[in-house]
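Below is one structure, written out as structure tokens, with a few remarks after it.
For reference, chains read A, B, C, D and E in written order, and residue numbers begin at 1 within each chain.
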Amino acid sequence: MQTRSDYGRHVMNSVVIAFGSTFLGLLIAIPAAWSMAFAPTKRTKDVLMWMLSTKMLPPVGVLLPIYLMFRDFGLLDTRTGLVVVMTLINLPIIVWMLYTYFKEIPGDILEAARMDGASLAKEIVYVLTPMAIPGIASTLLLNIIMAWNEAFWTLNLTAAKAAPLTAFIASYSSPEGLFWAKLSAASTLAIAPILIIGWFSQKQLVRGLTFGAVK
Amino acid sequence: MATLHTRAAARLMSAPAIILLLCWMIVPLSMTLYFSVLRYNLLMPGMEEYIGFQNYSYFLTDPAFLSALTNTLLLVGGVIVITIVGGVALALLLDQPFFGQGIVRLLVIAPFFVMPTVSALVWKNMLMHPVNGLFAWIAKSLGLQPYDFLAQAPLASIIAIVAWQWLPFATLILLTALQSLDEEQKEAAEMDGAGFVSKFIWIVLPHLARAITVVILIETIFLLSVFAEILVTTNGGPGYASTNITYLVYAQALLQFDVGGASAGGIVAVVLANIVAFFLIRLIGKNLEAEPWHAPFPPAGRPSSPSSAGRSAS
Amino acid sequence: MGSITLRDVNKSFGEVTIIPKLSLQIDEGEFVVFVGPSGCGKSTLLRLIAGLEDVTSGEIQIDGRNATELPPAKRRLSMVFQSYALYPHMSVRGNIAFPLKMAGEDKAVIEKKVADAARILNLTSYLDRKPRQLSGGQRQRVAIGRAIVRQPTAFLFDEPLSNLDAALRVNMRLEISELHHQLKTTMIYVTHDQVEAMTMADKIVVLNAGNIEQVGSPLELYHKPRNRFVAGFIGSPKMNFAEGAEAKKYGAAAIGVRPEHMNLSTTGGDWSGTVTVAEHLGSDTFLHVQADGIGLVTARASGEFAVRHGDRVYMTPEPGRIHRFDAAGLAI
Amino acid sequence: MGSITLRDVNKSFGEVTIIPKLSLQIDEGEFVVFVGPSGCGKSTLLRLIAGLEDVTSGEIQIDGRNATELPPAKRRLSMVFQSYALYPHMSVRGNIAFPLKMAGEDKAVIEKKVADAARILNLTSYLDRKPRQLSGGQRQRVAIGRAIVRQPTAFLFDEPLSNLDAALRVNMRLEISELHHQLKTTMIYVTHDQVEAMTMADKIVVLNAGNIEQVGSPLELYHKPRNRFVAGFIGSPKMNFAEGAEAKKYGAAAIGVRPEHMNLSTTGGDWSGTVTVAEHLGSDTFLHVQADGIGLVTARASGEFAVRHGDRVYMTPEPGRIHRFDAAGLAI
Amino acid sequence: GAETLTIATVNNGDMIRMQKLTGDFTKANPDIQLEWVTMEENVLRQKVTTDIATKGGQYDVMTIGTYEVPIWAKQGWLMPLEFGADYDVDDLLPAIRDGLSADGKLFAAPFYGESSMVMYRKDLMEKAGLTMPDAPTWDFIADAAKKMTDKDAEVYGICLRGKAGWGENMAFLTAMANSFGARWFDEQWQPQFDGEAWKKTLTFYTDLMTEAGPPGASSNGFNENLALFQTGKCGMWIDATVAASFVTNPKESQVADKVGFALAPDAGLGKRGNWLWAWSLGIPAGSQKVEAAEKFIAWATSKDYLELVAAEEGWANVPPGTRASLYDNPKYQEAAPFAKMTLESIKAADPTKPTVDPVPYTGVQFVAIPEFQGIGTAVGQQFSAALAGTMSVDQALQSAQALTLREMTKAGYVK
């Protein structure tokens, strides 16, 4: 079957979208989390809560506007478009998780770096980031998992070229002939990497997922 | 930590994230708001006109709306109750050392990482199917009449499926919380004469309270918009028995292509989500700001703690 | 009521033996302090007595009855943990009442006993606070309150003061001593701080790597340490040791002189040396002296002694105060 | 090189004024200790000097130049944090080299300077370890190493010893004093432990609620405290105060006597009382006495003084050693 | 350079077979590459509708049905198709061709067409002592279903669609209702669920299914019933004619050699309960690749393609129901025992005059207005609930009537 030989392409799309959005998200979120963790203002908690609350909006409610904007920007069925969407929908969680991990880093150390003559950028690159590696890694993993499993936006904003595995699996969602064998194979392949990643990161994930409330 | 210089830099650095999210929220939302007062059906272009709150009144008086609202709340509540009770039980089990713990943990956690559509399909066709499903087979081999879960108890079945997916999450978090319970506290209770049950009620459960609130918060966020599981298993039926708000809006948007109506529905859903969020975030936000329970004793003799706490609280 | 006997108690974790074989008699009403360097097994020994760990072999008797197999709750002992192990979600009242509630006491009885304990410990006005709203010293007292309501046969304390700052430590030390005078219950107290041991104990048990080095009253240990380990461990600043030629003069492999038993002079004396650091506290002066042929020596002078970094000083050990040790480190 | 001047420095966090208005002169090469109770603003003051906080008003001069607006990195000051703030992901070498790397130094230069610092601090054999593989004292030294490689105009220390245990604290105290002798760089040292202040400082600055209570050498403060606050804060155990009738005798609102300036006797003396706790340390005896008409008094006797809980003792203040204070608490 | 056509298609067997055979097309047209997007029916409909309505332009060829074509054609969303003479437009079955045309122009080319009919187990029928007539009545079907049922052996007399959806249970129920004299709307667009005819239809349906249907019928759609029938669990199955090739294919079906066919039942009112559907290929208006797309559609719906499938997979597997010539082909008649019944079923459906009483709409098992998808699915939910027993027939009809009236009022049909 022809689409089945495209499996590789769907995997590639999934990989590009999951990793791309995660890296882009980290790039935006690390500075934001830095400022919230180490230079908090009175409104920081509110901003964080607001970010989280954007996750509560039902996506169908805004599907059409997004679809129209994507059409106008020529982003429909492009990896770029999906990377942007995945970045945005996961950004609150990324910021939150990083914020949680950063909070656990003693501010002293950053101040020490500052005393040692590091500029802000160097402080983040040489001191904060390496120290937060476990936290950043688990944030990264969780986001890859979420982006990998996301099915609503991927399904509605892609056609052929940029469709990731989730969209591909959706084409099986009604039984047909040898349906079970195929679905099992396809979904196993889609799930396996995520399971492995998930297993390795579960301990870190808990801290991040619970915003440090549970350690 | 806070010279003028760093504060300015901080503002600059958090700007991209905040601006992007603001755009992501406000632009589509205002478009949705705009659409919601139009007669706007995708299939009938050129007929858009302003109709005021008609879409809202149609959506809110839709007989499906009330059941969708109840179903949404039942779904969120039911799943939360099941996952927390089950999660506590599983966490207690997994906390005991036993052979093959690693494997069991992996198995327990696995459902969380499975795509919702796939797991719903598995439940529908392999487990709950009244003819081919595992449960039917079990019922038949016990001489019972197989039960048609998705037709007879659609909402309960969906709650079960969703709970199955979220149980690992709750378990994982509760287990971690459980393991953070100070060993000395348990020993103190033991010396004070507490047995297993007393220890659970008086020491363990209160210790888990914070983790439980977190589970409630996170699950609510995601459960308010459960969709794939319903689409795959019951399509919201029979009747409206398993239609939740998200699914109802979906039906408006992508079955009827009634953009106006769906937008009104979307706004209603947003408002509802915000009401829930408001209460939840109040509850949890307070809890998150309070000192964590498992580290309640900053060594009083370390003079750094008061001043650093003073700084971070500002 | 309150005597505890350990007979040939041995404790191993898997392969590793932490306490080789130890016997000890603790009498009724005694304040016994276990002291020793970190990791020597003090906590383990205490937990064996409490019943939180099983002995590998040997017997533990409480009030003459064999308690080796009894669960902790049945031993009628109370323990105050290093971290206090307060129940963070219960109020002070709830914490103190907890053991009584577990014992199924009457509401009225509980109330009375909690009120009594709170009065003794000056906690009455904090009864409705949560532990996190208390200062370190207050938490400490709540932990003690939880221990005393049960009227145990003995109290066990595991480094209860190590989380407190210096000033508070002194206060709490006095309070615990007071409490012992008041209740006259047997207390077993673990610390690695010799000042605490000296000031509080009726009887000190010096432990080293799971073995008892010496048992005795504080002053016994100060004046007649059985070996170099005890001599070095008890007393602050530490005893100065000299070996080789200097020790030979006294017919020993090593001699020890405490800093406070050294007469200081800027003009002449037995030993001479250069001041590396002079610490002038006003009440005392501590001199760290690089003594010729001996090494670094600490000497203490009461009040002021006007020397500075680099000055030369002379020191003469007080004659009756020299401790002599043989090659094996035992006191002669 | 190394003089620091604070002129009318004021610091408020929002509404709350932490440091009302403070001027201070620190001379080149001095070892200055800021001491005061917890929360009095010591750390804040140090952080103002470091540039980690902005002053609300006033001026900070370093080496005569206005540094008020300079970012921390430009002030050429080094700071050793209470937590050491080592970079956990870098080796000891990496930690010490970090400031040099940030300054864009040559590889070869960095190597040499790191090696020098390590030698001075006895860290040469640990250069490739990560901080977590070091003991508390070694970590402390790495933090100092990181501070000295930059050859700063002054060192700032914020309670660098408070995380160490008692024995190590004494050692590190000596090491830092040694270092000061060796480098002769200005050092500003924050502590709330008056023993540290007394033993290390050339000049002590006693802070209370953001105000300077007194500036002077340790012995000046010990002998001539300007007010009751300083008198009570400096010296250990604390000075005993008596008010009312007893003070009247000396024509003061209150008098103060240090425990070590009290002659003890079991037969007779000026003040009498009952021993509540007697702490026999061997080298000294501390008596906590409930003195008639005065209250709780602490007295110290050198060596042994054989009394016990409940005994009656008599105390006579040494005549020249009585401090007198007026109603406002100022020394007369 | 090479042009790439993005083709949205449904995950049916015939379509997937076509994807395998595209080598034939690309060999002949090396400058055209094909990119397939295969989706489940509902998803496909959602995506192509969104795309075409918003002019998203993601697809060059869309697979659509007889429901969409007239509506979309009226909006001007589809390119009219003009094929060369060798395509032989006149060979297309008239019922199908009419369904895909507007103003005499063809807007989509049929890939396969279907009606519905009765498929039954000859062996079970014999066992029950009955003979299936070529044109049975509903009463006969009900009687036979009851007699064939043996629940202990997991044999159920009849399998019918029960899963909610306008293209699922409502396709069947609307067609069935037509034969019972019911209709969706009267000529003033007034919903008719409060009439006797619908009540009879629904009562008959639920009673029959309760007595002789499989458990869990309310979640069975085409695919679920196919699986049940293929594994020998159904005595009769009334569904799409395309199913015939699946149930008679010995590779997939355990009962391949025991299947008989009959026309959909009637109730003596002159209409049979069968529908008409064709999956067709169309080109969205404004497409940049019209020429290539037209070339592809011509290939996929041509006589030659039928020959190609026959050569590769056998005649029984060619996409049925589009061309008269196929049914004249003796080779096909021989390989496909269901050929005759299929053709007659298709001929028996009349989308322009679907009901006993006159109606203002076209479409046999659907009402060709844009609102129908939503309404049909919502009504389908009610009927599915009636089948599941969570609602009574009267309640279901009542709420169907109410919601239809609401939607029609909202849409402005009912003033």
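Descriptive notes on the structure:
The rule we apply is simple: contacts are C-beta pairs under 8 Å (C-beta built on N, C-alpha and C of every residue); 3 or more make two chains touch, one makes a residue touch a chain.
Small disclaimer: the values here were computed from a predicted structure and weren't measured.
Least step count on the touch graph, chain D to chain E: 2. With contact taken as defined at the outset, chain B and chain D are each touched by A, C.
Shared contact partners of chain C and chain E comprise B. For the interfaces B-E and B-C, the C-beta contact count is higher for B-E.
One simple way to say how far apart two chains are is to compare their mean CA positions; for chain A and chain C this gives 55 Å.
Chain centres here are Cα averages; for chain A and chain D they lie 50 Å apart.
Rounded to whole angstrom, the centroid-to-centroid distance between chain A and chain B, based on C-alpha atoms, equals 18 Å. Distance between chain A and chain E, defined via averaged C-alpha coordinates, is recorded as 41 Å. Contact of a single residue of chain A with at least two other chains is seen at positions 68, 111, 170, 173, 175. Along chain B, residues 1-2, 42, 254, 294, 302-303, 314 each make contact with two or more other chains.
Multi-chain contact residues of chain D (touching two or more other chains): 52, 71, 82-83. According to the touch criterion at the top of this document, the contacting chain pairs are A-B, A-D, A-E, B-C, B-D, B-E, C-D. Interface of chain E with chain B (complex): residues 46, 49-50, 53-54, 71, 75, 154, 163-165, 214-219, 227-228, 233, 370-371, 373-375, 377-378, 380-382, 384-391, 396, 399, 402-403, 406-407, 410-411. Contacts from chain D toward chain A in the complex involve residues 50, 52, 71-73, 77-79, 81-83, 85-90, 98-99, 102-103, 146, 150.
Interface residues of chain B, counted against chain A in their complex, comprise 1-2, 6-7, 9-11, 13-14, 16-18, 20-21, 24-25, 27-29, 31-32, 35, 42, 105-106, 109-110, 112-118, 121, 125, 169, 172-173, 176-177, 180, 210-211, 213-214, 218, 220-222, 224-225, 227-228, 232, 245-246, 249-250, 253-254, 259, 262-263, 265-267, 269-270, 273-274, 276-277, 281, 285, 287-289, 292, 294, 308, 311-312, 314. Within the complex formed with chain E, the chain A residues making contact are 1-3, 6, 67-68, 71, 76-77, 155-156, 159-161, 163, 170-177, 179. If you check the complex, the residues on chain D that touch chain C are 166, 170, 174, 177-178, 181, 193, 195, 198-199, 218-219, 222-223, 234-237, 258-260, 276-277, 279-284, 286, 288, 300, 302-304, 309.
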